[in-house]
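Lettered A, B, C and D in written order, each chain numbered from 1.
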Amino acid sequence: MECRVTESFARQTFMATLGASLVSVVPGEVVIELGHREVLVQQNGFLHAGVTTAVMDSACGYAALTMMSPDADVLSVEFKVNLLAPAVGSSFRAVGRVVKSGRTLTVCQGEMVALDSGKTVALMTATMMAVRK
Amino acid sequence: MECRVTESFARQTFMATLGASLVSVVPGEVVIELGHREVLVQQNGFLHAGVTTAVMDSACGYAALTMMSPDADVLSVEFKVNLLAPAVGSSFRAVGRVVKSGRTLTVCQGEMVALDSGKTVALMTATMMAVRK
Amino acid sequence: MECRVTESFARQTFMATLGASLVSVVPGEVVIELGHREVLVQQNGFLHAGVTTAVMDSACGYAALTMMSPDADVLSVEFKVNLLAPAVGSSFRAVGRVVKSGRTLTVCQGEMVALDSGKTVALMTATMMAVRK
Amino acid sequence: MECRVTESFARQTFMATLGASLVSVVPGEVVIELGHREVLVQQNGFLHAGVTTAVMDSACGYAALTMMSPDADVLSVEFKVNLLAPAVGSSFRAVGRVVKSGRTLTVCQGEMVALDSGKTVALMTATMMAVRK
């Protein structure tokens, strides 16, 4: 299961583009970390909301994948993000957790924390779908 | 007003990282386009949902900014994205439109279209906030 | 198809409790109307957001059902509501429309209009699921 | 503060229509309970999603109000609801909690539990706004 996530993460070139790394994979929970880089910001120098969303989405999607049968791949159906505070700091941790897993749909919640301050900068609720190959 | 958006967009280094370009700015509507690039994909080779979100968020945010007083900057409060179809194709267009503008909060809707097929790949509803400097 | 919706609506006792009536059913679009009643308000005398949500959810769910195979029933997976203006007025119309229909999931958008003023008071984006009996 | 919430809840006629009662009010958290009644259901006899939403919205809104200055009233800006399981059972508890409180906007999360089974039937994330009188 951890292998499946690690291999799939490695195929997400966008995670490499962001400089994000997969930190931990346990059943129902995935952690991704990301350092601040000048190429990732919006007009005020904060991490762009799209960056924050991307890592929370990947964390939630892979958390969902850990609960799915081995023949399934995962697709994001929808997500909702609340931006609680400007994403300032040198590094960030996104945690995705499964809240409810079903055969077809899995609901996850994600959180992005600025590691310098310990502040939660964003929350996600996401619906993920198992796609049988 | 168009200048404000153009200048702010130019400061969003993340838009350059994605290779996104600002195509049009009129009161209440902003269009951003993006080409497919290998560095922007998820595990199946589709555009990552975070990329789609980033350009729709910027389009919605700047659409909101066009309706705000000149002393305001814009911050994303929250957004919700539905991913309707895999983001396949060579180029994409995100349109952000103001649905309701208020002194403090502005509600926008965004749409991302794959230009090859004409298919809508994602929809966003976003709440934007005016921040007085 | 219209019969299926009409019969199902009649079993939703909560629609009767709200005094809501099914106004029209065409493929991909359902309209429900509702009069203002003193028993439906929040602390300021506006229609409670839960009432607004209930009728938009039913309109969206039945719009989705019109696109599903005859052996399917519909369940709401998730929805997102933006409250654009206080729901004041003597009567309201909720329209639910299918944006994207799939075998399992259907995405709908709903709108609630205050008929006296013509103002949109709320918007919904919803994901509906076909449940085979 | 508890008085403000109690008085405002009493003015929400819709809570009485639903048979909902305010169970507890502490800073940042409000609990509302609701019994199953035949007049509150959708087509399969489960609690209508609009009922679930209404009590979670009120719980979240009042949780937000407990953190606002005494001259403020609270309005719902937007919310997102995930329906995790059919709302079956004889009674339900909605808990609304403040996740982030600001001068203007407060973000809350709500949860609805079926008390017979202990199952979470729905989750809400909501943005609430302080309105100065």
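Note that a contact is a pair of C-beta atoms (placed from the backbone, for glycine too) under 8 Å apart; a residue touches a chain by one contact, two chains touch by 3 or more.
Since we're looking at a predicted model, the values are computed, not measured.
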item	value
Pair joined by the larger number of C-beta contacts - A-B, A-C	A-B
Centroid-based (C-alpha) most distant chain relative to chain A	C
Between chain B and chain A, distance of the C-alpha-averaged centres to the nearest whole Å	20
Inter-chain centre distance, chain B versus chain C - centres from mean C-alpha coordinates, in Å	28
Cα-centroid distance, chain A relative to chain C, in whole angstrom	32
Of all residues in chain D, the ones touching two or more other chains	77-78, 80, 82, 107, 127
In the complex, chain C residues that touch chain A	77-78, 80, 104-105, 127, 129
Contacting residues of chain C [partner chain D, same complex]	8-9, 11-14, 16-18, 38-44, 48-51, 53-55, 57-58, 73, 75-83, 86
Chain D partner contacts - residues on chain A that touch it in the complex	80, 82, 84-85, 99-100, 107, 109, 120, 123, 125, 127
